[in-house]
Amino acid sequence: MTDTLLEVCGLEISYGGIRAVKGIDLHIASGELVALIGSNGAGKTTTLKALAGLLHPARGKIQYANRSLINVVAHQRAAMGIALVPEGRGVFARMTVLENLLMGAYIRDDKSGIAIDLARMYELFPRLAERKDQLAGTLSGGEQQMVAMARALMGRPRLLMLDEPSMGLAPLMVQKIFEVIRDIAALGMSILLVEQNAKLALQVAQRGYVMESGEITLSGAATELLGSAAVQRAYLGA
Amino acid sequence: MKFNSKSKALVAALVVALLLLPFITDALFGRGWVRIVDFAMLYIMLALGLNIVVGYAGLLDLGYIAFFAVGAYCYALAGSPHLALAFPMMFPDGVHLSFLIVLPLAALLAGGFGVLLGAPTLRLRGDYLAIVTLGFGEIIRIFLNNLNSPVNLTNGPQGISRIDPVSVANVRLSATQNVLGIEFPSVHLYFYLFLAFTALVIFASRRLERSRIGRAWMAIREDEIAASAMGINTRNLKLLAFAMGAMFGGASGALFAGFQGFVSPESFSLMESIMVLCMVVLGGMGNISGVILGGVLLAILPEVLRHIVVPLQQSLFGKTLIDPESLRMLLFGTALIVMMLYRPAGLLPSRVRRRELDSDEVPESIGRNQA
Amino acid sequence: MEIFLQQIINGLVQGSVYALVALGYTMVYGILGLINFAHGEVVMIGAMLALSSLTVLLGLSVPPLLALLFSIILAMAGCMALGYTIERIAYRPLRHAPRLAPLITAIGVSIVLQNLAMMIWGREYHSFPQLIVNATHSLGGAVINDIQIIIFILALLIMAGLMAVVHRTRLGRAMRAVAENQHAAQLMGVDINRVISLTFMLGSALAAIAGLMVSANYGLAHYYMGFVLGLKAFTAAVLGGIGNLRGAMLGGLLLGLIESLGAGYIGDITGGFFGSNYQDVFAFLVLIVVLVFRPSGLLGERLAERA
Amino acid sequence: MMVETTLLKLSSVGKQFGGLSALSDVSLHIRRGEIYGLIGPNGAGKTTLFNVITGLYQPSVGEFQFNGQGYQACKPHVLARAGIARTFQNIRLFANLTALENVMIGRHVRTRAGVLGALLRNRATRNEERAVVERARELLRYVGIEKPAQTLAKHLSYGEQRRLEIARALATDPLLLALDEPAAGMNATETASLKSLLQTIRDSGITVLLIEHDVKLIMGLCDRVAVLDYGKKIAEGIPEEVRKNPDVIAAYLGASHD
Amino acid sequence: GKSATTEKSTSGELVVRIGASAPLTGPQAHIGKDNESGTRMAIEDANAKGILIGGRKVRFELISEDDQADPKTATIVAQKLVDNKVSGVIGHLNSGTTIPASRIYNDNGIVQISPSATAVSYTAQGFKTAFRVMANDAQQGRVLGEYAAKNLGAKKIAVIDDQTGYGQGLADEFIKSAKANGAQIVAHEFTTDKAYDFTAVLTAVKGKQPDLLFYAGMDPQAGPMAKQLRALGLKLRFMMGDGGYTPQFIKLAGEEAAEGSYASLPGVPLDKMPGGKQFEARFVAKYQPIQLYAPYCYDAVNVMIAAMQKADSVEPAKYQPVLAGISHDGVTAKIQFDEKGDLKGGAITLYQVQQGKWHPLETLGAAIPAAH
């Protein structure tokens, strides 16, 4: 039995007066790949931002590696091994691919380790090796997505959160990104994956949560969810 | 505009209060304060004009005072003996056109300058626009300062004095007038004149804001590319914004010249542009009542401080410890900071700004959300 | 020819001063997108602090060079503290406010600093002690002195140093990351408050040096000296492309040259119709023309907006 | 005959960014009343093509004809008036204005009130304003977001924002509606409802040009599809043909696509 | 309304308010404060003397306002002084503020004596209430131009002005007079009253090889200008108007560069005037070294009070005609006004820096007839 890495209890987040996330519970075990699906505006991005420390929850507990994350600000969470690949990628457009990757390793100071990981990223994404001196802002959408993922991995996170990594990508590129997700999951990293392409997400994930209007309405093993009629109707367009 | 009976009563009360304002001010604080109120009205007009450019169309203009200057000099030249110096044959006594002719002339001339300034700056954004408009304001000032030779057009830094006071329908506003047994001193008369014009400017601003033109300006402010893709001719509309703002500025400049009787380039320094911008932003960009409040506050605050700094120190320390004049400006600067910190979207934010802020209050650590 | 050469030297010296101040402007702008209107006042405070410290130390008959060294350090430290405080009080709370809000607090800070300085150092112009023998050198008939040479070299060195910091160090990378996307920078583990504070302190230290240089070169210090200098430096930064360090340097030197050549030759060019009284008109016209053809300054990146 | 059925015709259009050739020698024509799909790998030049035909970019070479008239180096507002409306890949709404105001701004190009009208607010202006509001509400209803009419655009959810962009574009009374990845970030169910909206729009007589990565949507909706790769058109035809084209499979679809 | 009145204080004294206005903030604050101090000293002296008017002991009260050297603020300040029922005003410092304010004083019948405004147009407006105790630009420029061309024998003269009302007015009159006396103006360059780098204009001047440079502006510019002049190796005589006659000039220029510079100041040198030396000693003890116009402010107050005493009234309407015809021995000169309110036959003294101090060379123009 693997131990729990992240545990969220009664998480509530509001924008001004509007509650976007209304008291949700979720947990992720070490090495687990968990999918979070839900329709537009359900509160998925909001949840991830709160976990990364970019938003302050109104209420609720977040336990990470048996430590409470209340009062831990975003950059400290990054240092604790929590990484987020944000919606819209958020690459540093006027920095080169290499500089972007080095930013990913900002919290580390083991020069040799960074060099090793850099080589590993270039192995994982050969395209980035070709383009390492290109400004990230001039890359195509798919390439930027690779930069964003590689950058997050450079910090050697224990928990990787991905917010719609397939958005705006061509079919071939989607396949490629999901292959990478599967690969890094196999290396034992914990992953929380938010996706609109619910089918793909549930195919790679072990467990899944379904979110609607700020609440978790369904959860369970990924295969179960894939088979559920409710999920099929709402998210798979069946 | 439709009013229910309650708001009708409110408006009526407001009108009466405004009409009585100079008398009340005079009785309570003295005539000097009526003059301050008069200047505040001029500033409100200026700020409302700038609000069109900055608040509606989102074009940061740091040289706005130039239009005020153009209007003022237009009035000064058309209503003083000065041109007799430059063109003794043509105008042996100078030019003394009627106020009702000069005012629209000044507004139009300033509007023309607005277009002139707007044209080369159309492609510029944000702070680049700011510095170019700043430069434009300085250029105008330098020309006014130096056009005393080869032909003495502006009398240079010495300025033009002996400008005709405003007179409407043979009533000279520079002298105390007796109407129905009530004495109206000059500063009171100017107050009513400025009040009328301010009302006009407010009316025009409101109508423009809620019109097809106003919406197009806001679209440009929000996203120029999307606006042009929606069929908005951004070039023409930006020029229009510059021109409209400049016209208001020019008209108030003309009023200023008539009121003051003297114009010189010193009155149109960069600091003045900055103050008007402060009024707009501090009051609440894009919101007419906010801009008015900003104008009133910033025009009057230094004067209020002038009066309280010494007594305040006396009551605190028993004597004047700190030089009152620098303390006054120090407090003024501090007030700017504190007000802005306390209400970042302005004292009376526009509907849009207010909501924009609401959503930004919570996520403290969220980064700059660039489009 | 000798006159022309002298005008070039004049322009380069004046331009180096602009450049020094413009570098500070540009750093802050680069990271926060904020016109730090108070920067000119920080320059002034730097000069004033140095002046006071020099006066005291020389009064205690401390050797001039030692006094100078100590004063530079004191002025830099004082300005760094001031820069930190300004950012903390007047800008940080407004980081998510509408874009023009911090512009107004900046103006407020500028007014406050000016009047504080007037209270502390008085209304009069102070003469700045001459500490080193300021030898004059002749260069093909034109003259240049030691302080001017120092200013010019210092400006270049500082620019090079800043470029190295920004492009080669971890802090520099963090600064650029914060400048581009604070959100993402935090996710990388960057403490953005710390980075922004450091940037302000660095810019303020530069301001202190600039203030000292100006005072040493012109032999005066006054509480009002920062305003015009700040404005010119801001213009220079925009001319070069605001946010770009090399642009600040180039813009500063160029503005200096434009001014001196303008003042020297407008009269001759226009047949005496316009004289040196139109020097600023000339400078602004050059600026406008440059911006019309290069809307983001000479070296500013032309990120054609992607639609 | 061609003039009547062809709405948009590109002949050998090219667009260069520095050394990069984002579009080269692209020719295509879109018929009135059809839904024309544009697909291709990331960075193939699809959005660039949109920017060219909406006047945001000037083509480096070539020109295009729209509604029987030639255009080259035209300002966006001219093309909007001519009848081309678009949405943006990275949503570009007027973020701080309400949904209703966003759509009202779309009416700008079909209304006329000027400064005088605004100041005097005469009968004609009042009538026009009323019509603008009515039409804007109607369009919000049409795309299914009448409820948040008074909400600021930036507070709408992603899907609502996409719909609002469509409503705003429709407000310009376009002949050609160009949509850049309208289904990005939508799940399958939401995409399905978008699909029916687009069909309704087409049925109302508006020609649609659609960029999408959702192959299912493209194949199920479009009358014809063109494929771009590295700035060149590598295939064009009805969906069934394109789907089987080996070049398209290699460059875009991938082997195992269903 | 009623202009000036008096009020009774508890001790039965007559309290008479004297207004004063000058820039107390901004770049000219140091000169403005100097003016205020001069005015204050005169008022304190008068109070110490115990002056009787209308048979009652008078206590003068100073109401000092900051006009920020801004014309608009000046009118507000003027209106305020009127509100405060001052009996007369000493001010303002600059012509740009003095002129707009003068209209308000005139409208309210309040006597104004400017200690330092030199623009000809100030007294040309036809206001009975406007006086000054300083030679105007025309008077001073004429003397300076003549002195440069005749006494100093300058053939080729360069002029720099600071583009302020003061500098431009003075420069124009200087040029006219220098030309009339046979000198050639080889360059007319410009700077501003906020500048401190003059190398460019000085280099341009150098190219024209003049033998004298006249600067029309104030000491904060004149000082550094003299310094840069020497640094650039210009070998010529440096001359200024009253704006340069300050200890500050020598400090800012450095004694070496300042040595030999000329400046003028209306009036007779303080130490040649009865009571002048004593005034200076007392002033320095009380405040700080005289910047510029403090003695003129002192004189302005005294001549005003003298007129009140002579008219035996503090009502402006009553003492104004007396003032117009007065002859008063001040510390700067014998003060008499012409029909416009300008100083009659104002003497102008030329000074030169010698061994780090200003030394009077000669006093000229006593015979100059009133301007226009």
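Just so it is clear, A, B, C, D and E label the chains in written order, and each chain counts residues from 1 on its own.
Just so we're on the same page, a contact is a pair of C-beta atoms (placed from the backbone, for glycine too) under 8 Å apart; a residue touches a chain by one contact, two chains touch by 3 or more.
Owing to the predicted nature of the structure, the values given are computational and were not obtained by experimental measurement.
Counting C-beta pairs in contact, the chain pair with the largest number is B-C. Taking the mean Cα position of each chain as its centre, E sits at the greatest distance from chain A. In terms of the distance between Cα centroids, chain C is separated most widely from D.
Separation between the centroids of chain B and chain D, computed from CA atoms only, is 43 Å. As a whole-number value, the distance joining the C-alpha centres of chain B and chain C reads 31 Å. Averaged Cα coordinates give chain A a centre that lies 76 Å from the centre of chain E.
Centre to centre, using the average C-alpha position, chain C and chain E are separated by 36 Å. In chain E, the positions touching at least two other chains are 25, 29, 163. Residues of chain D found to touch two or more other chains are 56, 88, 90, 92, 155. Of all residues in chain A, those that touch two or more other chains are 15, 53-54, 73-74. On chain C, the positions that touch chain E within their shared complex are 3, 6-7, 10-11, 13-14, 115, 118, 122-125, 127, 130, 136, 143, 145, 214, 218-220, 222, 224-225, 227-228, 259-265, 267, 275-277, 279. For chain D in complex with chain B, the residues that touch the partner chain are 54-56, 75-77, 80-81, 85-86, 88, 92-97, 101, 104-106, 108-109, 111-115, 117-119, 121, 125, 128-129, 132, 152, 154-155, 168-169, 172. Looking at the complex, you find that chain B touches chain E at residues 30-32, 34-36, 39, 145-146, 148, 156-159, 161-162, 174, 185-187, 260-264, 266-267, 303, 306, 323, 325-326, 328-329. Listing the residues of chain B that touch chain C in their complex gives 54, 60, 120-121, 123-128, 130-132, 134-136, 138-139, 142-143, 145-146, 150, 225, 229, 270, 274, 277-278, 281-282, 285, 322-323, 326-327, 329-330, 332-337, 340-341, 344-345, 353, 356-357, 360, 364-370. Here chain A touches chain C in the complex through residues 52-54, 73-76, 78-79, 83-84, 86, 90-95, 99, 102-104, 106-107, 137, 151-152, 155, going by the rule given at the top.
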